[in-house]
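The structure under discussion appears below in the form of structure tokens.
Order as written gives the chain letters A, B, C and D; numbering starts at 1 within each chain.
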Amino acid sequence: MSASTASPVRLTALDAPGQPTPSPELEDLYRGFERELLVPLWTEIGDLMPASPRPQAVAHRWRWAGLVELARRSGALVPVGRGGERRAIALANPGLGGAPFATPTLWAAIQYLNPREDAPVHRHTQHAFRFVVEGEGVWTVVDGDPVAMRRGDFLLTPGWSFHGHHNQAEVPMAWLDGLDIPFVHYTGSTFFEFGPEEVNDRSTPARSRAERLWSHPGLRPVALPGSRPSSPIAAYRWEHTDAALADQLALEVEGHPGVVEPGHAAVRYTNPTTGGDVMPTIRAEMHRLRPGVRTATRREVGSAVWQVFDGAGRVRVGEQEWAVERGDLVVVPSWAPLTLTADTRLDLFRFADTPIFERLYADRVQLEGAPR
Amino acid sequence: MSASTASPVRLTALDAPGQPTPSPELEDLYRGFERELLVPLWTEIGDLMPASPRPQAVAHRWRWAGLVELARRSGALVPVGRGGERRAIALANPGLGGAPFATPTLWAAIQYLNPREDAPVHRHTQHAFRFVVEGEGVWTVVDGDPVAMRRGDFLLTPGWSFHGHHNQAEVPMAWLDGLDIPFVHYTGSTFFEFGPEEVNDRSTPARSRAERLWSHPGLRPVALPGSRPSSPIAAYRWEHTDAALADQLALEVEGHPGVVEPGHAAVRYTNPTTGGDVMPTIRAEMHRLRPGVRTATRREVGSAVWQVFDGAGRVRVGEQEWAVERGDLVVVPSWAPLTLTADTRLDLFRFADTPIFERLYADRVQLEGAPR
Amino acid sequence: MSASTASPVRLTALDAPGQPTPSPELEDLYRGFERELLVPLWTEIGDLMPASPRPQAVAHRWRWAGLVELARRSGALVPVGRGGERRAIALANPGLGGAPFATPTLWAAIQYLNPREDAPVHRHTQHAFRFVVEGEGVWTVVDGDPVAMRRGDFLLTPGWSFHGHHNQAEVPMAWLDGLDIPFVHYTGSTFFEFGPEEVNDRSTPARSRAERLWSHPGLRPVALPGSRPSSPIAAYRWEHTDAALADQLALEVEGHPGVVEPGHAAVRYTNPTTGGDVMPTIRAEMHRLRPGVRTATRREVGSAVWQVFDGAGRVRVGEQEWAVERGDLVVVPSWAPLTLTADTRLDLFRFADTPIFERLYADRVQLEGAPR
Amino acid sequence: MSASTASPVRLTALDAPGQPTPSPELEDLYRGFERELLVPLWTEIGDLMPASPRPQAVAHRWRWAGLVELARRSGALVPVGRGGERRAIALANPGLGGAPFATPTLWAAIQYLNPREDAPVHRHTQHAFRFVVEGEGVWTVVDGDPVAMRRGDFLLTPGWSFHGHHNQAEVPMAWLDGLDIPFVHYTGSTFFEFGPEEVNDRSTPARSRAERLWSHPGLRPVALPGSRPSSPIAAYRWEHTDAALADQLALEVEGHPGVVEPGHAAVRYTNPTTGGDVMPTIRAEMHRLRPGVRTATRREVGSAVWQVFDGAGRVRVGEQEWAVERGDLVVVPSWAPLTLTADTRLDLFRFADTPIFERLYADRVQLEGAPR
């Protein structure tokens, strides 16, 4: 992993509590460990087992304007085709040694498609979504079902679904891609297959077939029973998300429960066949803060990426605070204390790896001042 | 239970296969069984363990017009108040000895409220719903949340929710009540409590608070996590149900899956926190047949009640076939072969006890001609 | 169901609270209900929806000695063969109108097999078990696997398993059969098939193949993954049950948790593929009370049958108390308050329908003096 | 993570399919990515999304004799106490850059305790087990419950249980520790707390209290209901494991199912409250091969560690084959083809991270020659 845990056995550890007295014999023993591909716990335990998570990833903000500018330049220089597959540019967390990983588990990238351009069809075990902070005109075709992409929409490509994209507009389009690439890479569970060079259905319906079957509230097709690992809803449209957030804030005004905390509404995108998260490794939510609201400080096991959908405000993670506006992204490492402040009405999209921890009974949350 | 399984040990059974030779000693033995409150299996097994279900309930049709007429007369003679609780008149299956049970597990009744009339608040462990085949103007107040009732709506009152109704219209209103009263009665699991004499919130919003929190497709409030035994959606509105059925039939025309069988669309009402049935004991669905469609014949473990929401057609159960039109009800016993025929476009509401069998791994379905 | 809920609409109900004023028009209305196969709620609600369960079944005790005597006489007069299938004599709850039902959901019978006698092979959807209070020498062959029956053993025949029995001893053997026949009968979910006339494997191993695969604590065959509706353990042997109870009482002496209450140890038979109950509708347990112990009074939704395995004591249900000794059976209806008293060390086998209620979220328990 | 995925954007990737034409503008773009902490997908996709898993970890064998010798020398030089916590020496996979990780998710170490020595009490969210390949005399005290450690036993310390060890013997003892340290480290979900300096219960019972409550086959205490994330069985004793394996092989001889494949028996250690794996992240099994048996070649998503418990044979992973004997360890990376060959009767302990993948629906298995 990182240098800090690499052999040879570190001399610096010798000063740590509970360490053996240095001696030629000890040095000889440590060299024996190295020859035999062994590392003692006693020199590493401080790094491996701190009192609370000390992730290698760090908090960081990326400006959307900067991402778009580099994506635009890539649009001029980099073709989209078989081999490269996607014109996607990923956030590389400064704590993760240059790897294209927003966090140890999550990938976040801007993807960019020129007018009339196609991204070829493939599939992979990594779970993916798109979130559209601006623009429209691209259809992503998921297992043969064309799904329109429009501002505010959250779109799913669950693992092992064939998918390609095509831009039907006269202008480029950029959006946020979220995947569990780092987690799948780290755990060695990736499979990948090419599909046809071109998307097979270039029709441009306003609603996908998946939505027509599955996006009626509380209803499901009798002919399609059972639960599924991932949501069958290909697109969660902004009109519904916006209405749900507005309803929560209106209920708050009327004195009824629903919001997360005062002035803070939030909805989770769910799999209607289970009521749980949209995909096995990824949680996705939309939050809305009233102007002037400051959230309680919250720590959570697992990492997250936030993107401003609308409005302006500030994101504080530990000792750092960043001003953010439309499209800006902030990465929040595991257990880092997070506080959001809304300067205007502030809508924020969030995705996180929480389902991994919940399924393994390793989730924890701590609110400031609250007992753990 | 019924006379057919009652002691004294039946002489008729003596001719059945595997019976002992009659003798004074046998007669004496049988009288000994009676004295000791015992019954032998060998005389009863034919009734208790037939090759396939032979339910005591029978298929039957009730005309909505007749129900409404008797309900209207009840409206003039029978007050609604504490003690009687509800002006509800239940289907009494002719096979069940006069008990007010549509099937061994399900209750189906017409409930009727005069203008400006109230039904007092109470709660019970029985799960209940309302389905509105015509009219509007009543609000049912469920745990303090006023829920408007309008034609085509399906409304929930899960077990142990306080609920009362009040009619705000200048005309009476009648609707279908469905509950699991017979099942709860038989298994001895009923609890009941009175609430306030009057409903505490007489406001008349178009949407309930429950809908505002939970009826956004694929979205749920972050502040209300976890799964629940029953759906938190208080009302499933007709506009959504109608759109979902229309979408399925349109997809069929376009050559895509979604319908149950050719010309037959169907949606199931679900609990968005689990993806499963709305309440632990009750499944509810809406079906739509194109004009002229005849369904495959289907048997299913468990009993069901169908009500015509719109259109006209025929319902065949075994050797009997009934013409049906708006509001008419047909009860289908367990394992009875059912065929539906649409003379016009035919919309049918259905509720059934299937969740009981699925949760106990006792569900079975057989389609005509298909191997079991 | 019972006479008490049958139409014609009861005049006695007219005095109940909330009833309409008698009049010729009301009488005419009530006759109209009868013609149309309808029953009003307002006359029935007192019976259908009492404040807490008022089951039709009543508490009762059966003496094992009496059962054995009648079974012995049946052994001389009644053959065991195709048609009658089993020489089983069932408890008929005095509250259930003469039906061979211990409770509305549970069947309890003594089964009796003469030396060298066979019971033919069949299968049914009803779930069954055997509990052996005395004797040995019979093998029950479940899906081709011969399972020895010995005092203290609890043996499973999950629904739809082929099974027959054969007595290899020179003496008769009697045991307790428990099934969910009443529940399956009432809900109309029974299927039944004959198997071969004779059991196909007459070998007499001390351990069944099922035990050899599944009765190693905390271990399961890698080749047989997944969860199953019913336990694959064909026989739970007395030596293990006895040891588990002894361990709990020893831990109590040492000051550690494990017992249900002071002096009262209890183990539940479980499905090792889920950790839950042995079969979807039936819970089974063995209890041990130290001499002199009196349990807290307990009510529980659902009905149960208790059989004394060893020792002597008293069983109180509501206002009735019975002395009991080896083999005696007591039926406990839903929500009836139960207290056990041990005059000697007292071992009691218990089975109940609790899994039905738990799976439907309708379970409730109340301990005397504890808030519900 | 590894250098192979680190920025700066790699020139070598420029030759890969689908890459843009090198130019000064492209070079400038790539430098812009670096400045902005971005990495393009198109240069990395070959590493991140291969057709099937290409884990960084490699297969490797460690000789038990070598581990014991180094542990013995550590016993002379390294104290066990607060700070260092444990005298444990971990396998460092040669593909993982010197970190003390057997695989990306699993930790495997030899732990060593001198006569009369203590390891201090602590707890952590990491799940841990011990497997004893030889020796006895240590008690591990888990949440206050002393658990004897003996050859062949598999012992649990689920996450967040306090635990310490003490050696009551006159000779040292060494054993295998398995944990999910690398997974917890990578995902940032570790919590750690010190307990008392000394174990609070130094009694030396043959059976733990946990075993007395939970190690009776198919039985559980009625007083301890519900399911738990981890197994409550503190120790799975060799006598049971051995008997279960012997039973499977005897059943094979008799012509009955149970073994994994001809001559290959295997049992999985399970959580009796769920029927699933012992801990949320770790699967553990014991395998037995008859002399001369060669297993089918198998690939599986997820990594594993095997340790020979008894006998001698060969382990082939891909192109490498190692001779193994008692205590030797082999690490098998994700999706690496594994074949075992028994020269004598060969008993092998195995642990793996499979539960992570099963809970995330990412598990896959491939047998040689079988369609995937």
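The rule is simple: contacts are C-beta pairs under 8 Å (C-beta built on N, C-alpha and C of every residue); 3 or more make two chains touch, one makes a residue touch a chain.
Chain-to-protein mapping (UniProt): A, B, C, D = Cupin domain-containing protein.
Please read all numbers here as calculations on a predicted model, not as lab measurements.
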Using the touch definition from the top, what's the fewest steps needed to get from subunit B to subunit D? 2
Intersection of the contact lists for subunit C and subunit D: none
Geometric centre distance via CA averages, subunit D-subunit A, whole Å: 29
Measure off the straight-line distance from the CA centroid of subunit A to the CA centroid of subunit B, and report it in whole Å. 44
For subunit A and subunit C, what's the span in angstrom between their mean Cα positions? 52
Could you draw the chains as nodes, link the ones that touch, and say if you get a line, ring, star, complete or other? ring
Please list each pair of chains that are touching. A-B, A-D, B-C, C-D
If you look only at subunit B, which of its residues touch subunit A in the complex? 209, 212-224, 227, 231, 233, 236, 240-241, 243-244, 247-248, 250-251, 256-260, 266-275, 285, 287
Going by the contact rule set out above, which residues of subunit C touch subunit B in the complex? 1, 5-8, 16-20, 23, 25-26, 29, 32-33, 36-45, 48-57, 60, 62, 66-67, 70, 73-74, 76-79, 81-94, 96-101, 104-105, 109, 124-126, 159, 181-193, 229, 280-281, 301-303, 333-335, 353, 355-357, 359-362, 364
